[in-house]
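Each structure below is given as C-alpha cells.
Two complexes follow with chain A in common, the first pairing it with chain B and the second with chain C.
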Partner chain A sequence: MNAPGLLRTTWILLRKDLLLEWRTRARLNALIFFALATLLLFSFALGPDTTLLARHGGGYLWLALLFASVLSLGESFRVEQENLCLDGLRLSPTDPQAIFLSKALGNALLLVFLGLTLLPVMIAIYGIELKMGLAPLLGILTLGCTALSAPGVVYSAIANHARAKDVLLPLLLFPLVIPALLAAVKATTLVLQGDPMAQLGSWVGLLSAFNLIYWGLGLVLFPRVIED
Partner chain B sequence: MDDKWRNLRLGLGALGLILVVVGAWMGLFWAPADREMGDVYRIIYTHVPAMWMTLIGGFINFVACVAYLIRASWKADSLAEASAEVGLMFGVYGLVLGMLWGKPTWGVYWDWDPRLTSMAVLLVAYMGYMTLRRFIEDPEKRAVWSAVVGIIAFMDIPIVWFSVRWWRSLHQEQSTPQTVHPDMTLALRVNAFALLFVFLAFLWSRYRIAMANRKEELALPEALGEPTAAAG
Partner chain C sequence: MSPPNALVLDDVSRRFGRRWALARVSYTLPTGKALLLTGHNGSGKSTLLRMIATAVRPTAGRITVLGHDTREATEQVRREVALLSHDSFLYEDLTAHQNLVVLGRLLGRPDPAGDSRALLERMGLSARGSHPVRHFSAGMRKRLAIARLLAQKPRLALLDEPFGELDPAGILHMEQVIEELRAEGVGIILATHLVEQGERLCDVRLHLVEGRQVTP
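Right after this comes the complex of A and B.
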C-alpha cells in the first residue's frame, strides 16, 4: 500500500477509535480520575511542603502520565480483542502499519489531553508556575506522550495476548521509556522554572531522537507482532 | 541427541576455568597495586570482563532476534534465549561486584552514575524479556514477540546511556592500555579471555537446552493427538 493510502487508513482508524472513546468516555474519565488520585498521593507522600512539590512538579506530572499510559495502552488493545475486532481489521484488509499509527496517535492524543487536564490542578495544589509560558510546555507534553505511545503500542499488542498481561506491560515498558521519561521530566522542569543554562535544547533533542527511533521501529516491527 | 561437539564444549569450559584461576592469581597477586586505590581496584579484573560479557550477550541477542525476524529458525530463537539469559547472569554478577567496589571507593554502594545506571536499566529490560518468554506458551508466537522485544530493548541501550550521562556523571573515566601499567593490561586480558571462554561454554550449553525445549514443545501436540505405537 502506498503512502497516501496509509495516511488515509490511519485517519479512518483514528477517527473510529476517537468516536468509540467519545461515545462512552469511559477510558478518558477513568484516566483523569486515576491521574488526579496519583497527583494527590504524591503530595501526601511528600507532605504539604509547597516549595518541594512545586520544584518536583515536572516529575510528578510525568509519573502520573506514565502510570495512566499503562491503563490507556492496555485498554486500546483490549477493545480490539472483543469480538475479534483486530482479526476483522486485518482481514478487511487494513495495513498493519496504519493500525500502529492510529493506535499510537490515539494514545498520544489521550495522554496530551490528560496532561492538559492535570496542569490546572497542579497549579492549584502544587503551586507550580509556567515561567516560559504554555506553548513550550505543550510541545514537550506532545513529544513526551508520543514517546510513551509508540513503544507502548507495540508492547501492549504483545502483552495483550500473553498470560499476566497486567504485569507484563509495565515490566516491559517502564525500563524502556526511562530515557524518554528523564528527558521529559528535565525539559518540563526547565519550562516550569526557567532555563538559565539553556539546557532545554539538548533534552528536547533527546526526546525527539527517542521518538524518531521508536516510531520508526514500531512501523517496521508492529506488523510482525499482529501477524498470525 | 547427537552431540559430536561435546568434547570441544567441555574443553572450552575447562580452558575457561583454568584461565579464571590463572587470571585470579594474576589479578590478586601478580599485577601491581594501584597508585591511588591500592588493592581495592583489583576487582576490575573480574568486574570489567563480566560487564563486557553482558554487552556481548546483549549484542548476540540482538543479532539473533534480527535473524529470526528475517528468516524464522529455531536456532536463532534458541540462541536469543541463551544469550539473554547468560548475559543477564554475567550482568547481575558484574553489577554486584561494581557495587562492592563502589562502597570503599565512592563511599556508597550505589551512585547514579551513567554506566552503573545504564547497566541496571539494561538488566531490568532483559529481565522483562525473559519474563515475556515464560508467559507465552505458543513457541512460534513467543519467538516472534520476544524477537521484537529484544530488538526494541537493544536499541534503547545507547539512548539510556546518553540520557543518564547528561543527567549525572561520576564514574571513572575509561582507562586505555596506554594509561595503565602493562602488567595490569595483561592481567585484564587474561581475565577477559577466561570469562569469554566461560561465557561461550555457558552459552553453548544453554543453547542446547533451549533447542531441546523447542523440540519437545513442537513434538508435544502431535504426541498428545495420536496414541503412540508402543501404547497400542
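Right after this comes the complex of A and C.
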C-alpha cells in the first residue's frame, strides 16, 4: 500500500492535532483567558486614557498573541513528547515536512481563533473604531499568525530537546520574529486608525515575505531538527 | 538469489555524552531466525534496538537491516521495521481506536477503521476501543502498543521488554502473538530479562554487558 502524499499526510496530522485540542479544551480555555488577561493588564497599566489605548491597541493585541503563541507552541510539542509520540511518527515513517506543516498550520489556526476572540474585547475596552473595516484586519491577523507559527514550530522542536525548554523557546523566538511583529503591529494600527499615506501595502509585503522565507526554511530545517 | 540477512551489525558503537552505551558490536542474524537480546539494565539492549529501528544513529559502525543500510535507506528500513519500545508512542488523549486509525491513515491503509477493530479484537481490547489511552492500565497500554506494532505489518519486529507490565494471561497472549508473527515469516528481535521465555521463542542469543557483546 502506498503511503499518502505530503498534503494528505499533513491533513491527517492536522486533524489529529485538532482532535487532541478539542479533547483537551481546558488548554484552549486557559490560552484564551491568558490572552484576555494580557490585554486587560495593558489597559490597567495605561489607565483610562482611551486615546492612548486606541493608538497602541494593535501593539497590545500582537503582544498578547505572541505570549500566547509561546504557550501554544510549547503545548503542541509536549503532546508529541509524551510517550515519545514524535518518535512513533518518525518511525512509521511519516514525512517530517508534513509534521512541520501540520504543526505550523494547527498553531496558526489556534492563534487566528484567539485573535478573533480578542478583537471584539479589544475594540470594546480600548474604544477602537475600525477605520478600514474587518476584512483587511482578518487578512493581517492571518498573515501575522502564520508568521509567528512557522519559525515557532522549528524553534519549539529545537527547544524540546533542552531541559529549560520553557525559557529557551521565547529566548530563541522573540528576537527572530521582531520583523514580523513590527509589520503586524504597524499594519494593524493602520487598519484600525486609517492609512492616509498608503503605507499598508509595504507592511503587508514585509509580512508576506517573512512568511515565505520562514515557511520555506521550516520545510527544509524541521526534518533535520527532529532527527537524532 | 538468497534473501539478505535480517540484520548485520558491523562494529557498531553509540556514545551518549562521555558514556559509551554500545561499543564495537558485530553480529549477523540470518533471515528466518529470531534473536534473543539479553543483558542487565543499562547493558545497551534498548539503545541497540533503537538504532536498528533508526530512532538513533550509531556513533560509529554500520547497520544493515533486511539488506538496507540504516543511514542511506532510512525510510525503507522504517517501512519494514516496527519497534515496541518502553515508550508506547500512543497519544494519551485519543482513544485506542483513534490511535490505530491515525496510524492506519498515515500508512495509507484502505480501511484503517476496520484494521483497528480487528487489531483491538486480536489484543482483547475491543471493549475499550472508545476509551482514551489516559485511562488505560499499564498492561492495557502494552497490549495497545503491540496492536500499534502489528498495524505496521513489519518484516522485522523489534520487541523491547514485551512481557513487562503484562499479567500471566497477557504474557501467554504475547507469546502467542510472537509465535504467530514468526509463523507469518516476520523476523523477531526480542530483548527481555525473562531469559527462559525468550529462549523458548528465539533461535539465537546475543548477550550484552555494559555495551559489549559477550558469549552467553
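Just so we're on the same page, the second predicted complex is superposed on the first by the 224 of 228 C-alpha atoms of A that agree within 3 Å, B and C clash if a C-alpha of one lies under 4 Å from a C-alpha of the other, contacts with A are read in each partner's own complex, and residues count from 1 in each chain.
The rule is short, and it goes like this: a contact is a pair of C-beta atoms (placed from the backbone, for glycine too) under 8 Å apart; a residue touches a chain by one contact, two chains touch by 3 or more.
Source: prediction; values computed, not measured.
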Next on the checklist: I'd like to know which partner A:179 touches here: chain B for first, chain C for second, both or neither.
Outcome noted: first
Checklist entry - Looking at the overlay, what does A:51 touch: chain B (first), chain C (second), both, or neither? => result neither
Next on the checklist: Just to be sure I read the superposition right, which of the two partners does A:83 touch: chain B = first, chain C = second, or both, or neither?
Outcome noted: second
Item to check | Partner chain(s) touched by A:224 [first = chain B, second = chain C, both, neither] | outcome: first
Next on the checklist: Per the contact definition in the header, classify A:162: touching chain B only (first), chain C only (second), both, or neither.
Outcome noted: first
Checklist entry - In the superposed view, which residues of chain A touch chain B and also chain C? => result none
Checklist entry - What residues of chain A sit close enough to touch chain C in their complex? => result 1-4, 9, 12-13, 16, 19-20, 23-24, 79, 82-85, 87-94, 228
Item to check | Complex contact set, residues of chain B against chain A | outcome: 69, 121, 124-125, 127-129, 131-132, 135-137, 141, 144-145, 147-149, 151-153, 155-156, 159-160, 162-164, 166-167
Next on the checklist: Under the definition above, what is the set of chain A residues touching chain B in their complex?
Outcome noted: 151, 154-155, 158-159, 161-164, 168, 171-172, 174-176, 178-179, 182-183, 186, 202-203, 206, 209-210, 213-214, 217, 221, 224-225, 227
Checklist entry - What residues on chain C touch chain A, complex-wise? => result 53-57, 74-75, 78-79, 81-83, 85, 87-94, 98, 102-103, 105-110, 132, 148, 152
